[in-house]
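Below, chain A partners chain B and then partners chain C, in two separate complexes.
For the complex of A and B:
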């Protein structure tokens, strides 16, 4: 992807007259200080932790025992297979709704945000709003909507929609900006209007990218939907996971649910990797 | 492009759009989602936010407590990401086809990464909560496990892109495996890897809020507590501090990225 360009620098010598092969430039200075800073902050972090009730000697064997019960003896006990499939379908449905609506909104906003298709003030202001929306965690959006719009699939989808739109606007507008300016120029010189350039120039040359980004977002939205079920009571398999671990303390059921989520996530990942490699091999 | 190709393309597009519409209706039916009611809810929600999510003086009094928890959360994300990056580097070197020691190790490390990435961080935090209890370590471990999977995949891609030529060149000079890894693979991929680490720190601060709600730690716990007691002024203040923290870190990492990439 990015080429690392070696910057030409004056050859420096050490005091002994050897060529100083370590002579750093700005890049390696920033790189090194970033790494040192991260290392120092990591060490410092352990002094800021709250260790209430943390007993590692007891917790580690307990975790291993729990993991064994979860993953080697999985079993559903509070609901049947039909119900489980239904809950998985609800989670998938929440993810799909947020993705489809998100892609539609993001398409139009990205047209406004792309620098080659829009005016500077519009593209700047869309970018600022999107950066703000992205900075608020999804779960906070869902919880805030849950008070305002009532708990249910509406709040969950609206909350997830905010993040999906923000994510896709960034991806889509970058794809639009990479459209060959010659295509746009050729269309404009035939007297095509703005919409005609978009429909006949921009969309056909970016469509596969848009599709692959949208599917990637669906993959993300599935796990977000699981999270929203667990943390915001949005229903679906995530809620069952929360109930199994937080209310019934049923490790075997937690294991079974985790297996279901894992299976779907892996299928989605394989599908999206295939789609991505097809897009990249096409051009 | 001739007429049949265009026709076929048009047909495929129509099929795709029909498929998406059917999928949307099916999803709405399963999740009991009302299109009209959700449209109606948006203005109401906006009005509610504008009138209730206002920070007042009483909420500002809670600021020291909030900052305390926010700093704990930021440290938790940084520590989880950095330590995960160290492990991921090892797993990625084992898992990448360019630098793989042998097939068994390669498959094993990719399997570990896939498992940790595809089990959602929610599941990890609920699983760990059962035995580690309600403290920062649980949140830290949940973030750590999820990050390892993601970073390993990113690092493998980085190594495959950056190092192929130089690995071959060094091998031709008779360099040993560790010399190849330390002199070619790591230095070549380092800027891209640091960029991924910075990206993951941003993501993890947001995930830490979610993990915090589930495991009762950090800023997420604070948010949940005031949310449940309907103290929305403090909820607004917490949201604002999270947004500021995320944007600040994003700006910082954008600047670093501009220099190193």
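For the complex of A and C:
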């Protein structure tokens, strides 16, 4: 072994004087103190609740009874199965509309946002706008569009579309940036233009990711569409859920609708897993 | 005028840290030139200045009478479509088929729309199969590139360069990731191409013996400077020692230009 005569000056030490093997000392410190603070606040919160009128001995059996009615005796009473299927289809339609249009817009915007395909000013501006749109919850966007379009399915689709675009631009542009620069280099060296490089180099390399992100967003948009049916009067199964719970106080119908939504979610999940395994097994 | 002329080429990625310092040489049509030098000498950078895959710092590169540094976007695409490029890591689109990857070499000749839609003529497709046949991988034409061995992928890379109808092919360490057998196959193909098609080849290599076996002419690069430029047989041990900084340093540096 060669003898080390001099400690290289690049070695960093922790406060305890030990050699540090992590680079981000400060980041981990901030992370740890944040977690501790959040934990402490959670515990503290229990001491500040208003417990008047809270009688656990009565509340527990009543809750259990309600849950039993909801989940063990579900039935539809205000509308039939045909109507239910129709309402589910409306909700799926709202989600699909927002997702498909969102994916198309997001594709083009993401090309502008990807640092390896765009120019810095464009990519930065798209990122900033998109981060802002994403930071505002979908429901708020729906309410904002409701000003112009009125509360209803139009505002719901627009709001969902807005948020979907922002979400998918981030996902897509990150996928684009992962494209091996060697592929782009080779295409450019043949004299290929930008669009040709994108369509024949970037798209084939990222297609499976784009597809699975889009489908994931569809799953999200389905549940958002349920919520929008209730909150923004967009119709669909969400609206029926809202009527059953808030209007008729029909726990059994709430239970039935919940099961229907769950069933759809499971079908979507199975479908997306199938899709993924088929697309990836082709790799 | 020679096919390729490089005059006083300088290049630095960061100011004050030149990677290429005053590189000048010219290459006639049909030559097979090997560029040798230790890792970090600037071989890849120099090769990429020739088709402006990296921007030229100072100096000029003339290809086929055109000032490469002075071209606009359109002009640059025109220059590049006549320059094939072969890479150490083949740089194919792994999820596309062999034939699709080969046809990528035609994009320089296409309008944006034709290229985007992937409209290739029957003649182009036939040419692609001919080339695959010539390089012995026609049976893999419909396989995805990531199912091929390194040597086979490199042959696809060569086909992609050849279908460009290039006047010159630039090869950046084409055999550095290959086993000795595949390396020999690839170098033999490059040699055949240069003789049969009369296409000029500039090949970055780090194996001196391979360079001497295949090239008519060798350019030795060291720390961004040309320290040898001459016919392969004249590259004696004295020069390789200097290029690679081994053994005794030669006191008076001699630049042979023949």
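The working rule: the second predicted complex is superposed on the first by the 224 of 283 C-alpha atoms of A that agree within 3 Å, B and C clash if a C-alpha of one lies under 4 Å from a C-alpha of the other, contacts with A are read in each partner's own complex, and residues count from 1 in each chain.
Here, contacts are C-beta pairs under 8 Å (C-beta built on N, C-alpha and C of every residue); 3 or more make two chains touch, one makes a residue touch a chain.
Because the structure is predicted, anything quoted here is derived from the model rather than measured.
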item: Partner chain in contact with A:182 - chain B first, chain C second, else both or neither; value: second
item: Chain B versus chain C as contact partner of A:249, first or second or both or neither; value: first
item: Partner chain in contact with A:81 - chain B first, chain C second, else both or neither; value: neither
item: Which superposed partner A:205 touches (first chain B, second chain C, both, neither); value: second
item: First (chain B), second (chain C), both or neither touched by A:67; value: first
item: Superposed model, chain A: greater residue contact from chain B or chain C; value: B
item: Which of chain B and chain C A:192 touches, first, second, both or neither; value: second
item: First, second, both or neither for A:46, with chain B first and chain C second; value: first
item: Interfacial residue positions of chain B with respect to chain A in the complex; value: 20, 23-24, 26-28, 30-34, 37-38, 41-42, 44-45, 48-49, 53, 71-72, 75-76, 78-79, 81-83, 114-115, 117-123, 126-137, 140, 161-162, 188, 190-192, 194, 197-198, 206-207, 209-210, 213-214, 217, 220, 223, 227, 232, 235, 239, 242-243, 246-247, 250, 256, 259-261
item: Parts of chain C lying in touch with chain A, wherever the complex brings them together; value: 51, 53, 77-81, 83-85, 87, 89, 91-96, 100, 104-110, 112, 115-116, 118, 146, 157, 160, 164
item: Chain A to chain B touching residues, read off their complex; value: 1-2, 4, 26-27, 30-31, 34-35, 38-39, 41-42, 44-46, 48-56, 59, 62-63, 66-67, 70, 86, 89-90, 92-94, 96-97, 100, 131-132, 134-140, 143-145, 147-150, 152-155, 157-158, 223, 226-227, 230-231, 235-236, 238, 241-242, 245-246, 249, 251, 254, 257-258, 261-262, 265-266, 269
item: Complex contacts: residues of chain A adjacent to chain C; value: 180, 182-183, 185-193, 195-196, 199-201, 204-205, 207, 283
